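Note that the chains are named A, B, C and D in the order they appear, and that numbering of residues resets to 1 at the start of each chain.
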Amino acid sequence: MTHSTTTRRHHLATLAGLASAALVLAAGPARAEDTVKIGVILPMTGPSASTGRQIDAAIKLWMAQSGGKAGGKKVEVLIKDDAGVADTTRRLAQELVVNDKVVALAGFGLTPLALATAPIATQSKTPMVVMAAATSIITEASPYIVRTSFTLPQAATAIAEWAAKNKIKKVVTLVADYGPGNDAEKFFSSQFQLNGGTIADKLRTPLRGADFAPALQKVRDLTPDALFVFLPSGQGAQFMKQFAERGLDKAGIKLIATGDVTDDDQLNDMGDVALGVVNSHHYSAAHPSAANKKYVADFQAANKFRPNFMSVGGYDGMRVIFKALDATKGAGGDALLAAMKGQIFESPRGPVLIDAQTRDIVQDIYIRKVERVNGQLYNVEFDTLKAVKDPGKLK
Amino acid sequence: MSGAVDTPDDVVLQTLGLVKRFGGITATNNVSMIIRRGARHALIGPNGAGKTTLINQLTGVLAPSEGRVLLGGRDITTLAPHKRVALGLVRTFQINQLFATLTPLQSLALAVAGRRGRARRWWAPMGSDAQINAECEQLLAQFRLTDFANRTTSELPYGKRRLLEIALAVAQKPSVLLLDEPAAGVPGPERADILATVAALPDDVSVLLIEHDMDLVFSFAKTLTVLVNGTVLTEGTPEQIAADPQVRAVYLGDSVPARPGAHHG
Amino acid sequence: MRRQLKSPAGAAGSAGAADPGALLLAPSRWRLWELALWAAIWAVPVFFGQHAALVNEIAILALFALSLDLILGYAGIVSLGHAAFFGVGAYGAALFAKHVMPDPLVGLAVGTSLSALLGLITSPMIVRGTDLTRLMVTMGVALVLLELANKFDGLTGGADGLQGVVMSPLVIPFIGRFEFDLGARVASFYSLAVLFIAFLLLRRVVHSPLGISMQALRDNRLRLMAIGLSVQGRLVAVYTLAAGLAGAAGALLVQTTGFASLDVFEFHRSADVLLALVIGGAGWLWGGLVGAIAFKVLHDVISSFTAQYWTFWIGLFLVLLMLVGRERLFRPWSWFKRGQR
Amino acid sequence: MLTLLFDGIAYGMLLFVLALGLAVTMGLMNFINLAHGAFAMAGGYILILLMQRAGWPFLACLPAAFVITAAAGALLERTIYRPMYGKPHLDQVLFSIGLTFMAVASVDFFIGSSPQNVQLPDWLRQRFEFGSGPWMLGMGAYRLFIIATCLALALGLQAVLSRTRFGSRLRAAVDDPRVAAGLGIPVNRIFLLTFAVGSGLAGLGGALGADILGLDPTFPLKFMVYFLIVCAVGGTSSITGPLTAALLLGIADVMGKYYLPKLGAFIVYVLMIAILLWRPQGLFSREGKR
């Protein structure tokens, strides 16, 4: 039995080690008076890691440009990885608020992650800036939530209007089967039908789904004028390839989508299949403005990849927080929230406003077409809907 | 259908014309034998004579192609193995079947508790039942495991594991005990323990011993049955068997196998 | 711990001399280090309140691992779908709190019994077949439940998760009334208490004749039948009990975080708890606890500096653990082979 | 209708090639290798890298994917897999999960987490169509290509197994490694070879499937279940077993998503459980085999 006694000792040793580890954690970092902390929670691992990567890069860019100072204080950004697991997000938020005394929470890659954290923001009166998640309801989950990304209804209704105006009569919708997907489906169809179009069928594909063959075959058999698609950024390339491979384009079915499908991050790898896809979104790396040109240039100087709509959400989120901190001289809580509401500024994406009532972002939505610009694929904007509020809020 | 045949009431286990065929081969060929109460009966035969096949039919691991098995006059030919155990027909295994991570004491305690219908208790810790403890103590002593009571079974010397194998069977208080090569592969000194404990089995237990070890067989058995190619060659007292020219020819001639357990299923 | 049979007393005199009763009881005796450890564990949320949330998560994972240990470490049933029970407990408790009553203790009971029921129903599936089929069937059950939860989004909130699970204060007769606070202090004590009770319960069970017979079953089914004990009955019993505990863990998660998401059914839940248990070492009750602590603390520490490559390190650790073997890294693991040959 | 059948077959064939190596590993060494998907992923990324970075033609990349992953498989088998044989299944599972995690994290680190796309040559992008209405059959050239390739592979392997000496030895070893070793068959060498080929096939499958299944670092975890289903349902004692299982799975999946999209993968899992309960050894394997 000697070995088992030794193993018992071993376990005791392990525990001792863990205990001391806990102590180290407990000690925590010393907090200086002239710094304010911002807690950012992002999915750096797992299926939606690309979201985290983009926003992370954007935040670093902002910190570099702004010199990391706001309201006369040094700003410290704590970035945590929740791997896209909701209860981790919530716990991290809890710790950031309780232990690190952050003045604001930010990040939130997916809807459930944001919703799970909302109660923390409410309880602790900590402003919570949603930089990515795009389901309409999020901002209603807590009076302390401010959104700098976009809402799917904004994009979906925009493309619906455009479609109806451009003699598309019969549409099939195909969305990923989760919160944002449902939003996109709901708001596209209602808007499209409002403008006199007909929805032939509403298809859903599993969120992790990879083979779109069955769905596409069904679309083909339904022979609509156009297919409206929403997929989480990343699946777009896959989808469009199969769209072409199945000969839907030749069958005269137009492909219209929200900008997630032609995500700047991967657009270039999609190849010619993406050419001519009409879609609606709030940001394109090709947005023709000085602010954006500078943004893209600086961003690509620091990273190997092109900024996408996620990054701009993060970038603007930081701006909103910093400007608010300037106003409150670094104070947090309700004051900070108040200072965030109603901010108007020129974002790389164009002019934006943080609506004081809904705390949601009001922005121009662009209708774009994928084109080849000096060798690279870009979403080139050719039509604009000015100052679009979140249709989800106009009930 | 139970005991249609008339059996003298001192017969505890009986087979009637057992036949077992595997495809073309007949492993057991019309075997009829009788085990009497308190018997010290040995079943011997060269390798592949079908001894283990026969045991498996007695214990219900294999279903015979023909014939019947009677336990105390009751027909158990189709009875499930664990039900036969309940009726007192218990076996030891040629290859140890032990609880590797338990101690001999725990294993025996479990066996006893099982027999006493207390193995389903989930609150009182094992060892809180005085009767079980007493019985375990007695079994440990009987099988010379007392000093090893608290070792992990997998760490016991082979001989001790062999003893535990038998002890677990005896803990069932069997009426008929089938010992399948109890001394198989046990080195010299420890073998003595086995011989002694087997010899010391209570008289009311009828024992059928399958063994290659001639010392064990002749020191132990009052009756011997010789099995050759699945057929009963002859049956009789050790003296008769030792004297039987046929047996000498087919069996005693050939050497005691080096490593029992290497052959048979 | 089962293997440390030699009690201090037994170790002193020759084991043979001691009487069977004492030897058999020895493993069920509390040892000093066990008490010390529990004291230490309770101390953490008291003195390091800022880590209450982490403590809460650890306690929940530990309870989950404890339940897996019961079927894996003790009864030797491999499972890659233990999240099924975790999830049922979670959604059960969440829906109960939302639609029936917000009392935590009642909700806990409901979640536990629901998952226990599921365990009872699915237990026949793990009685037959090989390890591979068990892996597949357990995984399959979890996946099916995941799909179901996703389909019935009217009830479960689908991929958005089930929000707004508000618990009423924890009311314990004669002790008091505790409001779940932001710092998760109450939550951590609540979860720890449930874990502690479960630990005490299992400690009784594994040292009882039933518990011993479970280990016997893991070691050698053939012999267990040969001494006239039923294998099926035991498998069903242990599987149901384990399922119930997993459900309790799920319920705790929902009650202390205030929401349930499909994530509770995901494969990585089943994998994580398996890893935690393996780190701690299956087959002794402390395995789940030690594992859970190690797993969570390591995850917290590692992912805090080497941001996204935590999965690499845990993977490397597993590979080494399996190659080098527990003999040298943790403890022997001989008992997953069917019987000893 | 026919088109769906066609798609299902293509999908199934792909799964077959992907899972075959796993089936053989299980049958031969009773080793549960959850890291099999990692080899498939490796194949996919080799294809991508060779095509995009090195500019190789598509057709040249496929054999490359096979060879490189096969070599990697052989290397790993020799170094770290062999000690795991005969270890308890749980250890094998954990070991291979660990490997998978490492593979996933490494790819994420070196290549990035964003999904990769294959630029198929144009001749694989066309589409052939016959008939009309419900009996209309539309075939994507690429899926046709996949079916052809996989069919060829299946037949080839069948031939190798049934005709050659290696085949007979392999079958003997699969039936009972101990006996085979007793008969002087070099089980270890056979296994090394089989493992390598199995990994190679996975790599090839990954390369072929990159376009249809999509390719990102989570590939091994995403498809592990499907591979396991093929093996568990198809049994591991023959080629026809996994083949049939893979085809069933592929067709069931596609049909299910077309006619009952609401149910999604649900059907597949329920079917699997039902089959496993009915035949724990898998549909097409002799009883009693472990």
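Please note the rule applied: a residue touches a chain if its C-beta (ideal position, glycine included) is under 8 Å from a C-beta of that chain, and two chains touch if they have at least 3 such contacts.
As the structure is a prediction and not an experimental result, all values here were calculated from the model.
Counting steps between touching chains, the shortest path from chain C to chain D takes 1.
Comparing chain pairs A-D and B-C, the larger number of C-beta contacts belongs to B-C. Centroid distances from chain B, each centroid being the mean of CA atoms, peak for A. Centre-to-centre separation of chain A and chain B, using mean CA positions: 73 Å.
For the pair chain B and chain D, the distance between C-alpha centroids works out to 49 Å. Computed from the mean C-alpha positions, the centre of chain A lies at a distance of 35 Å from the centre of chain D. A straight line joining the Cα centres of chain B and chain C is 42 Å long. Contacts with at least two other chains are made by residues 108, 262, 264-265 of chain D.
Counting partner chains per residue, chain C shows two or more touched chains at residues 3, 5-6, 150, 308, 311, 337.
Residues of chain B in contact with at least two other chains: 151-152.
Interface of chain C with chain A (complex): residues 1, 3-6, 33, 37, 40, 44, 47-48, 50-51, 53-54, 56-57, 150, 158-161, 163, 182-184, 253, 257-259, 261, 263, 268, 281, 286, 290, 293-294, 297, 300-301, 303-304, 307-308, 310-311, 327, 330-332.
Per the touch definition, chain D reaches chain C in the complex via residues 26, 32, 80, 83-84, 87-95, 97-106, 108-109, 221, 225, 228-229, 231-232, 262-266, 269-270, 272-273, 276-277, 280-281, 290.
Residues 2-3, 5-6, 10, 14-16, 18-25, 28, 204-205, 207-213, 215-216, 218-220, 222-223, 225-230, 233, 283, 334-335, 337, 339-341 of chain C are the ones that touch chain B when the two sit in their complex. Taken in their complex, chain D has these residues touching chain A: 3-4, 7, 11, 108, 112-117, 119-120, 125, 127, 129, 138, 140, 142, 211-214, 216, 218, 222, 253-258, 261-262, 264-265. Taken in their complex, chain A has these residues touching chain C: 1, 3-5, 7-8, 10-12, 14-15, 18-19, 21-23, 25-26, 28, 44-45, 49, 52, 79-81, 85-87, 90-91, 94-95, 97-99, 111-112, 115-116, 118-120, 123-124, 135, 141, 177-179, 182, 207.
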